[in-house]
Amino acid sequence: MKLVTAIIKPFKLEEVRSALTDLGLQGMTVTEVKGYGRQRGHTEIYRGAEYVVSFLPKMKIEVVVPANSVEKAVEAIIRAARTGQIGDGKIFVSPVDHAVRVRTGETDESAI
Amino acid sequence: MKHGLLRRLAALVGAATLAALIATPALAVAPTPNKGDTAWMLTASALVLLMTVPGLALFYGGLVRTKNMLSMLMQVFFTVCIICVIWVIYGYSLAFSEGGTFNSFVGGLSKAFLAGITPDSTAETFSDGVVIPEYAYICFQMTFAAITPALIVGSMAERMKFSAIVLFIPLWATFVYFPIAHMVWYWAGPSATVQAAKSLASAAPDAKAAAQAAMDAVSANAGLAFQWGAIDFAGGTVVHINSGIAGFMGALLVGKRVGFGREAMPPHSLTMTLIGAALLWVGWFGFNAGSALEASGTAALAMINTFVATAAAALAWMLAEKFAKGKPSLLGGASGAVAGLVAVTPASGYAGPMGALVLGIVAGVACMFMCSAVKNAMGYDDALDVFGVHCIGGIIGAIGTGILASPALGGTGIFDYSAGKVADYDMVAQVITQAKTVCLTLVWSGVGSAILFTVVKALVGLRPGTDQEREGLDLVDHGERAYNY
Amino acid sequence: MKHGLLRRLAALVGAATLAALIATPALAVAPTPNKGDTAWMLTASALVLLMTVPGLALFYGGLVRTKNMLSMLMQVFFTVCIICVIWVIYGYSLAFSEGGTFNSFVGGLSKAFLAGITPDSTAETFSDGVVIPEYAYICFQMTFAAITPALIVGSMAERMKFSAIVLFIPLWATFVYFPIAHMVWYWAGPSATVQAAKSLASAAPDAKAAAQAAMDAVSANAGLAFQWGAIDFAGGTVVHINSGIAGFMGALLVGKRVGFGREAMPPHSLTMTLIGAALLWVGWFGFNAGSALEASGTAALAMINTFVATAAAALAWMLAEKFAKGKPSLLGGASGAVAGLVAVTPASGYAGPMGALVLGIVAGVACMFMCSAVKNAMGYDDALDVFGVHCIGGIIGAIGTGILASPALGGTGIFDYSAGKVADYDMVAQVITQAKTVCLTLVWSGVGSAILFTVVKALVGLRPGTDQEREGLDLVDHGERAYNY
Amino acid sequence: MKHGLLRRLAALVGAATLAALIATPALAVAPTPNKGDTAWMLTASALVLLMTVPGLALFYGGLVRTKNMLSMLMQVFFTVCIICVIWVIYGYSLAFSEGGTFNSFVGGLSKAFLAGITPDSTAETFSDGVVIPEYAYICFQMTFAAITPALIVGSMAERMKFSAIVLFIPLWATFVYFPIAHMVWYWAGPSATVQAAKSLASAAPDAKAAAQAAMDAVSANAGLAFQWGAIDFAGGTVVHINSGIAGFMGALLVGKRVGFGREAMPPHSLTMTLIGAALLWVGWFGFNAGSALEASGTAALAMINTFVATAAAALAWMLAEKFAKGKPSLLGGASGAVAGLVAVTPASGYAGPMGALVLGIVAGVACMFMCSAVKNAMGYDDALDVFGVHCIGGIIGAIGTGILASPALGGTGIFDYSAGKVADYDMVAQVITQAKTVCLTLVWSGVGSAILFTVVKALVGLRPGTDQEREGLDLVDHGERAYNY
Amino acid sequence: MKLVTAIIKPFKLEEVRSALTDLGLQGMTVTEVKGYGRQRGHTEIYRGAEYVVSFLPKMKIEVVVPANSVEKAVEAIIRAARTGQIGDGKIFVSPVDHAVRVRTGETDESAI
Amino acid sequence: MKLVTAIIKPFKLEEVRSALTDLGLQGMTVTEVKGYGRQRGHTEIYRGAEYVVSFLPKMKIEVVVPANSVEKAVEAIIRAARTGQIGDGKIFVSPVDHAVRVRTGETDESAI
């Protein structure tokens, strides 16, 4: 099993979610995060004070998939999340040893 | 209390002499304000500002997404500020002074820069011989001029550039609001009317023609709709239909929000919306009861109607929602309250409380239907339902006023200054007059607004780029964010 | 200004003749409202609405968890709306009209649908010959009828179904509020009282019996507690004890929130709570100073007392907290302010400012003790401390009024209409009368509320399922969320 | 309306006799309040509380970081409460009673505990023979005493311990506010002045010297700045310069916030700031128009000026920002509005609307420049720009009043009670008098505040530890958090 | 060392925390997340607009434990977080190479 | 490639970010989290109710780096985030199999 972590633009969440569910991936976990990268931020001005805000709002999607679904998942995410403009985000794949479903105690692939 | 019985004056004038004489005991002495009236009008003006900022700003602001909250607040706040300034420069004069050749449509510039007005100047109310300080009257009417264009911005929320708003608002006030206010509300005032009627009644046979001409001149010294006899107690036509149709045009011409219909756009804070709705309600007492221009029984009638119609409309919307969608919502309740407030505005000093109850129920259900079924079917993006609530609610109120003002239905009827008493009520005629005035406003404001939006588009453009719209107007237009928790 | 000296009238009536004659110069002419009074009463009504929405809604809303914020706002808002409607239909009549056989307990239906009331109708104030437009009086009293049941919902916050609220509120208003308001506040008015006293004084010996009978009839034409002589300037009993005990019953009968005592349930926004508390304070000037029904020195007294008691109670609560827990908190300050407002309500037109200061301090400390030590010891889940603040604060105020009204303590004493002057003050008797009225209210409202909650439970149930309660009433009852940041 | 023409009285007194006689028809009867005035003053007092809580509390609270929100609310709320209490105990007496030997600087204790005041007591307005209930006057002035020290806390926001605030505020009120209020606003009142002038004018030759001495005594029975002839309609000097310079001292003595200039400290909720700014505007009508003490044309003038200057200053700040930084911001608009309100405060009853327009524009631009360029250059940490907005805006207003009060510029001029008419206007002299009063205030409050901060530092210290400051004052001082979403 | 990631119902946080501390696990990091899975969401209605909200609030608990404590930790979490109803959540176990305590520079098992 | 996860005190974020960019690490993702550990929380009191709040606000920084940069990155974070006081936080290093840049489809080291 692998954990696929995608950092995407927030307004792409809905499209990515449906792309993943189209693949039959029935679960995922999403976190609001702030990203720093090549995409430049903006300046905020409050009376005399100017702040350069370099962190931009992003969505982090985490989905644990069977090892053989990784490629499909990554491709689906890219297709749904790409705008072609800087700041589209990244996908990271990392190993997962075990998975357990709390409700039933099922483990590994049957748990996800 | 606005009314339009002048054209029937001549006929009634004979019988009216005695009453008029009694009502005007001391013609030589200029009347001075009653401090109770002044106290109430000062309070009412403060209440109407409260309606607008923070009231309307929050009502609208709560309904947009976080990233546009601040732009919403800013648009309303800016509107209030710019109107206050142009009001004292030329707005008051265009709306409420004699306009010479164009007097049926707009006032003149004799009061530009508030020329000649001092703390001792007075403005007439609707009772002969009762006046208030003119500055108080100017303040009160200023707040009306401020809230009306502010209502419009809700239609184009989340996608209209601030620079376009900055240009549009003063243009709209100048070419649409001031004329409409003049057409519906400007008249020569009770004292001139009563005077002319008296002269006519007591004129010797050889002076009859001259007296009649003077009487006609006084009757003609009024805005177009006022001459027709339209009644609009606190601005159902001038404020709500006027802004509602302008907003509708704006929504069409600016186009839909990026993602409209595909992405979820839930209100970012119904808490703010409820605060706004509640402050609108509270402030609306100034708006409606203040429109009596006196601290009188009529003001109290306007207040109770404003309580009852609002409550009834809120309940009606919630109940309709319960049946249509299964759950009564807070947004429904708040929207219903505003719909009720809008509808009762023109009727508040004319209808009885039971009439207001019925009016509220009708407005609540009808506006709910407009803002869900009809809007969804037609597919326009009137972001905050300015059309569905203000224009539709305003029309219901304007027509409803023609019905409910009838003494037979518990209304007050219309006061006839020449007779010194309430006139016989012709409901059909009045409803037709009301409908004519509604049409006048829809056309003038609809066409005028469309032209002005087109002009503004040509000059600075209406919308930001798509990426900018996605980022939100707060950062793009103002370089700041509403919240940094 | 409510008072109860009627039973002593007969004894004093001889000496009073002269004074009464002077005070009533022109009996033939119907009095017209002073516009200053009207202006103030219109303002006061708007202020009391401000207290409720958004004031109370935010004060309560800030204290619940995010997931129930909207339901809290909705319950308060709904309460205001439904009461406004039933008030004009039959509530005003039940509370403030003559009730025939049951007049000691409740009014009749002669003013149902506000029958016969016009903009020219007037209602008497507490000064003979001084009136205000009846519509203004109806509006003002309407806002009292609206806030009182709205106070109750705080007790059952976060766990009572909206449908149960929808049923309970109008029932409670009908069977508890209108009767209690009638019992404490309804009377024949100053003019009838003074008239009867004068007739009695000047009656020829053979007409004495008839005049005495007339006098007795006037005295008897009042609610039960009013006949006892209870004084409650702005509703300590009618509003606060009444709602406080009802809330207590509700908290017991609805039961504790899921997770109560185990999970943290911190207020989701003390910012909102502070806004609410501040608006309660501001609006309470309408509530208390408006209860004078005139723009008079007594109104100004009520206002200064409302400033002082509130400030003192807030400081007292904070200080007590500092000693008991180490830190003064904003919630403590806000709660103290409300406790002070509650306690000063019945006393505001009777006590002097120094009396109000003492009353505030006592209320602040006592309510703080009730809401922490006592409540924790007893373990009931009065979610927003309606009992600890409103019932306890109300009792302190009701009894305290009996003490502080004493002219010896800087109070105003009680005006005796037949003597045309302030009567001698019997503090022990007055405190006993006050206590009797407190008990009447506790029993009537306590028992009545328990019955009504049981009825509602039988009809629609009081609580949602556990999962639904966990998800929050906002989504479950209304299908929307307070915030979507 | 505060004015200072007493020193010129003697010269003019001859010509004034007739006018004075006409203006005072019935000297024997004690005047009673007009209910319209009372209604307005009650309303105005409620509005000024609204300005402070929630208005100012939110305006300030929105500008701090989340972790200090609650402490900001608490500091403002506490200030209001403690001032209300000390005001009735000794504050009113120190500010507005005769002070014996020190009468030029401070009042006495004759009215401590509001001794001798009843609901029938009256206070004079600025018109001879016009009075309001003294309790209403005390309430109104109480709210001024409350908001002034509350303004100061913004300077030391986010880093001053609550215990230091608790000590500082009452000390500052006692040693700075009460004296300054006395110096600028205390005088013998119109009736004594007119009386003395009349006696002098009609005195037989042999009684002239005595009458002149009596006249001199009346003239001398006033605060220092009042004797100089300074004019300050609603408190530009007493409220804004006074608190602004105190805040500046506080910012210097407390020191910069941890992380100042390195970490981003954006406002946590500009939504709250806008609500606060809007409520400040609404409430300020009570502040300025209430300062007329009557529901008069002058009150209406103060209201329209408060509309116009505020709007103009908000627009000016936004426009200046647009040019200087590329984008107009909501915070800029709100700050500009407050700057305009501050600047128009002393001028509101003296300038004409066009004067107010100019004053607003100047204040908007100048304060914007102070709060960005100058502050950044000098590097002090006046967290919420109390100095830049209130002190600078107040100075612009105080000097501007001297210019704009001129009838030649559309102002009202200054009323001369002995002549019973507006006096000739000497602009240079008036501006010098205004400048002197500004200096008096800057020195008294600047030095006084510095001493008091030093005393408080010695007693309890001014700041929490660095870690505590990082954690935020909400948890450290009050053990609670503003939000638990 | 392993990273145990548990996605649970928010109101179970306190119970899970005390179950873990009972095991002697002295540290953990918690994030508010939104979960998508079998548990169905709800519909929100705002005037004319209806939104199906499919993401539900969840808590993500991350705790780095010595490899030999993984089993105990997983069991403790299951016991504390289970309600038996759909949406109870998942537990994932993944490898961690190193751990460092910022304050002291201690590494690996002594760092956690 | 490795994922370096640092949990730090919130006000240290800016310093850590600039320390990392000084190393040439051009991207990172930040999440607001709550931490439980040795650092003690505080008590909140609301009228009659007292709550012990044991979770403290922390920032989680996630940065994916080439394996050979891990050491430098960890050191930089420690230097920037340390105050020497309890609660300074932890750094965890874990394996990442793949990385993809959504915009371009670039993979692995050229993606980060």
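Order of writing sets the labels: A, B, C, D, E and F. Residues in every chain begin at 1.
Convention: a residue touches a chain if its C-beta (ideal position, glycine included) is under 8 Å from a C-beta of that chain, and two chains touch if they have at least 3 such contacts.
The shown structure was predicted, so the numbers you read here are calculated from the model rather than taken from an experiment.
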| Set of chains adjacent to chain A and to chain B | D, E
| In the touch network of chains, how many steps separate chain D from chain E on the shortest route? | 2
| message | With contacts counted as defined, which of the two, B-E or D-F, has more C-beta pairs across the interface? | response | B-E
| remark: The distance between the C-alpha centres of chain C and chain D, rounded to whole Å, is 35
| note | Whole-angstrom distance, CA centroid of chain C to CA centroid of chain F, is 56
| field | Approximate Å spacing (C-alpha centroids) for the pair chain C, chain E | value | 50
| note | In whole angstrom, the CA-centroid distance of chain A from chain F equals 17
| note | Expected list for chain C, residues touching two or more other chains, is 34-37, 39-40, 43, 264, 266-267, 275, 325, 327, 329, 331, 479-481, 483, 485
| So which bits of chain F are touching at least two other chains? | 31, 44-46, 85, 94-95
| remark: Chains touch one another in the pairs A-B, A-D, A-E, A-F, B-C, B-D, B-E, C-D, C-E, C-F, D-F, E-F
| query | Which positions of chain F touch chain D when the two form their complex? | reply | 11, 14, 42-46, 85
| query | Once bound in the complex, which stretches of chain D touch chain C? | reply | 33-43, 45-46, 49-50, 53-54, 57-58, 61, 69-70, 73-74, 77-78, 80-85, 88, 113-114, 118-121, 133-136, 138-139, 142, 162, 272, 275, 477-485
| Of chain F, residues touching chain C in the complex | 44-51, 53
| task | Write out the stretch or stretches of chain C touching chain D in their complex. | result | 34-37, 39-40, 43, 47, 65-66, 266-271, 274-275, 277-279, 281-282, 285-286, 289, 294-301, 303-304, 307-308, 310-312, 314-315, 318, 325-331, 333-334, 337, 352-354, 357, 412, 483, 485
| Complex contact set, residues of chain F against chain A | 3, 17, 26-31, 64, 94-103, 105, 111-112
